[in-house]
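The data blocks that follow each hold one structure.
Note that chain A is present in both complexes that follow, paired respectively with chain B and with chain C.
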Partner chain A sequence: MAVVRPFDKLPALNSAAVLLVGSDESLQQKLAEAILKEKKNFKISIHLATSLPLPSERDHLRPRIDLIAFMIDIKSKYSLKNVEASLAHVDASFFLGKVCFLVTGVGRVNYCSVEMNAIWKLGEVYCSPVLYCELELEGIRVATAQRLLQMLQICAGHIPGVSALSFGLLMRNSADE
Partner chain B sequence: GRRGPVSPGAPRAERGPAPLPRRRRPAAAAQRRAPQSGRSGMASPSERGLPPRGGFSHCFIPVYRFQENADPQKTAFLLRKQWALYSVTPLYKFSSGKLREYARLLGAFIAAERHKGLAVQVGVDLDIQVTFSSLPDLKGSEQDHAAMLVQLSSRSSVSPKNSEEKLMWSGWFCCVSGDDLSENVPEDFTCLPLFLANGAESYVAIVGSWFQKTFDCRFRRLAISPLNLTWMAAMWTGCKVEKNASATELVFSVPCLPQPLDISYAIHPEDAKALWDTVQKTPGEITQEEVDLFMDCLYSHFHRHFKIHLSATKLVKVSTAIASAHCDGIIKFLQSKYLIGVLMLLTELAISQIQ
Partner chain C sequence: MDETVAEYIRRTVLKIPRDEIKSMLQTWGFLSETQLQTLNFHQTKDNISQDVVQLCEDNSADIKQAAVLDIIYNHIYPNKRIWSVYQMNKTGEETDFFDLTDFKKKFKRRLQSALKNVTINFREYEDNAIWIRIAWGTPYKKPNQYKTSYVVYHSQTPYVFISASVLRSTLPLLCQALVVASNYHDIREMELRSHCLNSLKDIVFKRYSQTFQTYYPRPLQERNVAPENVDLRIIQENRSEKERIQRVNREVFGDGPQPKLEFAQYKLETMFKSNPKMDVLDIKEPFRCLVKFSSPHLLESLKSLAPAGLADAPLSPLLTCIPQKARNYFKIRERKGFFPGSFVSP
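What follows is the complex of A and B.
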C-alpha cells in the first residue's frame, strides 16, 4: 500500500509503534535509542524511514503505526523538501493528532537554511504540533524522547479519557497563546 | 521586540541604475502592496510577516530609500577589500564634533596597551597614528547618522621624517536606513549598528575595547546565515551589470564528511539574471517564495548533472559582480553604485542581531 493509514490494521495488545521519517539517519538512530532507554510499561516498536512511501513488500509484517514524527533539520533545505514530499503519502486521517514535526538545529541562527515561516506554515497546514528540539544535545534528546513516548501512549489509546485528537488540539491551542 | 510603523521620510529622487529591489515577507494576511517607484513607502506591521517563532527574529524592513549622492571617488577605497562585519549597539554620548579628541584618546590608549606588553607587532617599533573622519555620503535616509571612519597608520619611529605613513588598519561605522533602530533609542544615543574592519584582528580587539569603554557599546561578530546568503544571491543577481561581469559563484560546504569538501558552483551572470527574471514577478519586490524557487532551479540543475543535492549542504559564500559575502561575516564591495544597497542589507542584519 502506498499510503500509510491509521486504522487499516488491528492493534496489538499493550504495544505501540512510532514511525520516524527524516533524511538524517544518524540522528534518527540516536533519537530511537533514547526512546528505547526510557522506562515504559508497554511494548514499543520504532520504525525508521528516510522517506515515504514505505516499501510495500514488508507491509504485512508491519504493525499499525500510531504516531508519525517527521524530522526536519533547519540546516538542510533538503530535509524540508524530503518531508514535504513524504507528507503526500500519509492518509489524511493521520493528521487528527497522530502526526508531529520535530525541528532540529534551531540553536544556531547562523546556520539556518530554512525559513522559520515555512515550518510554521507546515504545522498550520497539516494541523500538527511542531516541536523545536536540538536533537544533537543529549539532554534535549532525552526530553524529546520522553515527550514522544507520552504522545505515543495517547495516540495508541493507552490513556483513558484522552484521545489523539483532543491532545493535538490542546497542544496547538497552548502553542498559539 | 516588535516595532511600530515607520513614517515616510522626504521623497527621494532615484537616478542612475535601477535600485536594489525591496524584499517582502509572506504575510499571513497575504496583503499585496503596490510596487515602489521613486517614492519611499511605509512599512506596516502585517508586512513583517508572522511573529518570530522558535527564537528567530528576521523582521526585515521592506522599505528602502536609495541615495545616489555617494561620490564614487570618495568611496573608492572601500571597494575590493575584505571587510569583517560586526554589529554595534548604540553609542552613548558620542559627538561627531569631537573626532579629533577621540583620535587623540584612542592613540593614547593604543600606546598604553602596547606599553603594557600587548604588542601587536614584533620587530620594528612603530608609531601609530589614529585618524577619525566622517563619511557623510554613506547614509540611506535623513535620520541616519553619517558614517565614521577610523584609520590606524604607522610610521617607523626610528626615522619618522624619512619613512612614509602606511595604512595598517581601517574600520568604519555606518548606518544605512536604520530608522527602525534609531527611532526607538533614547536621546544621547547614536545609532551606528554596522561596523566593518579591514586589517589585523588584534587591532579590532583594541579599538573595540576602547569604544566599549568610552561609549558603553558592545561589538559582536556578525555572521550571515545561509538563508540570508540566498537572499543576497537572488537580489544581486537581479541587478543590471555591464558586459564582462564576473560569474555568479556559490560555494557550498558539505557537512559530516571525514575530510571537508567545498563545492563551487559558478553560473554565467547573464544566465543567472535570465533565470531570476523569469522567477521574479513584480519588479522592485522580492518574496521568499521567489528566492526559494530561484535556488531550487539552481539546485535541481546541479542535481541533474552531478546527482548531488546541494540543498543538503551549507551555502557558505556568494560572489556576484556587485559584491561577495561569506557566512563568517566577511563582505567585499565590488561596485560603488550598489554600495548603499548592500550596506542597507547589512545594516538590517546588524540591527536584527542587536535586537
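What follows is the complex of A and C.
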C-alpha cells in the first residue's frame, strides 16, 4: 500500500507543495486558483486528488508533500467516507501538524447530512485542526487560501523558530479555549 | 351557442401563450382567415379570448369544435400532464390491417354503451399517432369538459400513452375500450410515468442512444490533448481515475441526451439488515420502505453524479437499468433461496 510520508524525499530550495484531497473537483480547482493568486515569495505546487493512495506511476515526479488538506463537504456523506478511507494511506508522522481538515458547505443548514459530531471526532482522533469554511463564497475562499498558505509556509519550514508541530499545538490549544 | 361551450373556449384560449394564439387558431381552422384578421393580438389575453368567443358565437361553435382546440393545445403542450405508458398484447400471430374508421367506431361504441355521457374526439397526426380526448360525465350529469383523459395511440405499436385524469375510476373502462377497438387481448400498465411524452416515446420505441457492450478503444489523440488555461503549478493526481469514470459513464449511459424523467420510485419489501447488536427489529417481517428520487431531469443528473464526485462509478444497476427496462417504478423483494439478496420483480 502506497503511503504518503512526510520525510521520504529531499526538500527543494524555496518551494513547498500542498496536497488537497476531496471528492469535489471543481471546488478543489477554485481553491487552488485562489491560493495561486496570493502573493508569495516561494515556489508552490498544488496537487489535487480525489482520494488516496496516489497513483504510483507519478511518484518520481512528485515533490515532497508539506501539507495535506482533506476537504469534506457537509452536504455529502460520500465525501466524508472518501476522506476517512484516504486517511489510512497517510503516514502517522504526518499528523504532527502537517494535516488539516477543511469542512465546507456549513452555510446550508437544511442540506447537512454529515453530523458535526463526526467531524469533531475526526479532528480529535487525528489531532489535526478543523477549519470550517464555506468555500463556495469567494471572500471565504480567499481567506481560507491565505490561511492555508501561511500553514504551508510553516510546514515547509520557511518560518524560522516555528515548526509544524508547535503551530499545530498552538491551534489546538486556542481552539479548546 | 351554449354558455358552457363559450366559457370553455374562453378558458382554453387563456391557457395559450399570447404569441402562439394566432398560429393555434389557424391550425384549428374553425375561424376563417378574414375573421382572424379582425382580431387584435396585441391586447390583453382576457380581451383576445373575449373576441375569439364572440367570433365562435358568430360561427355557432359546438362542444365538438371546442374539443378540437383543446386537443391541439395539449398536442403542442403535452408536458403539462403526467403520462403513463400501457402495453397491449394479443395472443396469436394475426397481424390485422389497422383500419382507422373501424377503430374509432368500435371505441366510441364501447364507451358509449357503458356510459352515455361522454364526449369523444379523435385527431390523427403524422407518425401514426392517434390522439383521443374523452370528457367524462355520469349517468345523470353531462360530461365535465374540465375533467378529461387523453390517449395517444401509435397504431403500428402495442403502446398506448394515457394521461391520467382526476377520475381514476374511469380507467378500466377506457382500457377495455382500447383493447376492443384495436383488436388486442389485454392491456397492462407498464410502470413508467413522466411529464415528458416525447421522452416516454423515446424509451419504449428505443429511440434514445443505446449503449452496446463493446470495447471502446481509446483513441491516441485523447491522451495528447493538453487542456488550455491550466496553470502548471496545479497538478491533477487522479487523471486516470477521472478518465475511467468518463469511460464507465459513456458505457452505461451512451453519448446522446437522456430521455427526460422526473422520478424513480423503489418500493422496498426487504428484511432490515442491521448490526445484530442493534436489535432494532425483532420481528422477522419485511421492513417497508419507499425510496423516491426526484429531479428536473433524473437521468442526466444520475449521469453527472460520478463526474461531480458525489458517487462511485459505476452506479447501482437499479438506477441505470431504467431506460432499458422501460420503467421507473420498482418493487424490490427479498430473493428467496440459497443466496440472500434482493431482486427486482417483473
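Heads up, the rule we're going with is that the second predicted complex is superposed on the first by the 176 of 177 C-alpha atoms of A that agree within 3 Å, B and C clash if a C-alpha of one lies under 4 Å from a C-alpha of the other, contacts with A are read in each partner's own complex, and residues count from 1 in each chain.
The rule is simple: a contact is a pair of C-beta atoms (placed from the backbone, for glycine too) under 8 Å apart; a residue touches a chain by one contact, two chains touch by 3 or more.
Treat the numbers as computed from the prediction; the structure is a model and nothing was measured.
Asks: With chain A superposed, do chain B and chain C clash or fit?
Replies: Verdict on chain A: clash between chain B and chain C.
Asks: Look at A:Leu96 in the shared chain and tell me whether it touches chain B only, chain C only, both, or neither; answer first, second, both or neither.
Replies: Neither partner.
Asks: Applying the document's definition of touch, where does A:Ala12 land relative to chain B and chain C: first, second, both, or neither?
Replies: neither
Asks: Considering only the touch criterion stated at the top, classify A:Ser23 as touching first (chain B), second (chain C), both, or neither.
Replies: both
Asks: Answer with first, second, both or neither: which of chain B and chain C does A:Ser76 touch in the superposed model?
Replies: Both chain B and chain C are touched by A:Ser76.
Asks: On the A-aligned overlay, A:Cys112 touches which partner chain: chain B = first, chain C = second, or both, or neither?
Replies: first
Asks: Contact-wise, after the overlay, does A:His47 reach chain B, chain C, both or neither (first, second, both, neither)?
Replies: A:His47: touches chain C, not chain B.
Asks: May I ask you to decide whether A:Leu169 touches chain B, chain C, both, or neither, giving the answer as first, second, both or neither?
Replies: neither
Asks: In the superposed arrangement, does A:Trp120 touch chain B (first), chain C (second), both or neither?
Replies: A:Trp120 sits against chain B, while chain C stays out of touch.
Asks: Where along chain B is the clash with chain C: 92-100, 272-280, 290-298 or 344-352?
Replies: The answer is stretch 272-280.
Asks: Can you list the residues of chain A that touch chain B in one structure and chain C in the other?
Replies: Chain A residues touching both partners: 23, 26, 76, 78-79.
Asks: Touching chain B in the complex: which residues of chain A?
Replies: By the definition above, chain A touches chain B via 23, 26, 75-79, 81, 103, 106, 109-120, 132.
Asks: Can you check the complex and tell me which residues of chain B touch chain A?
Replies: The touching residues are 25-26, 49-50, 52-56, 58, 223-227, 230, 255-256, 288, 292, 295, 299, 309, 311-315, 327.
Asks: Quick check on the complex: what are the chain A residues that touch chain C?
Replies: Those residues of chain A that touch chain C are 19, 22-26, 29, 32-33, 36, 44-51, 54-55, 58, 62, 76, 78-79.
Asks: Over in the complex, which chain C residues touch chain A? Could you list them?
Replies: These residues of chain C touch chain A: 231, 233-238, 240-242, 308-312.
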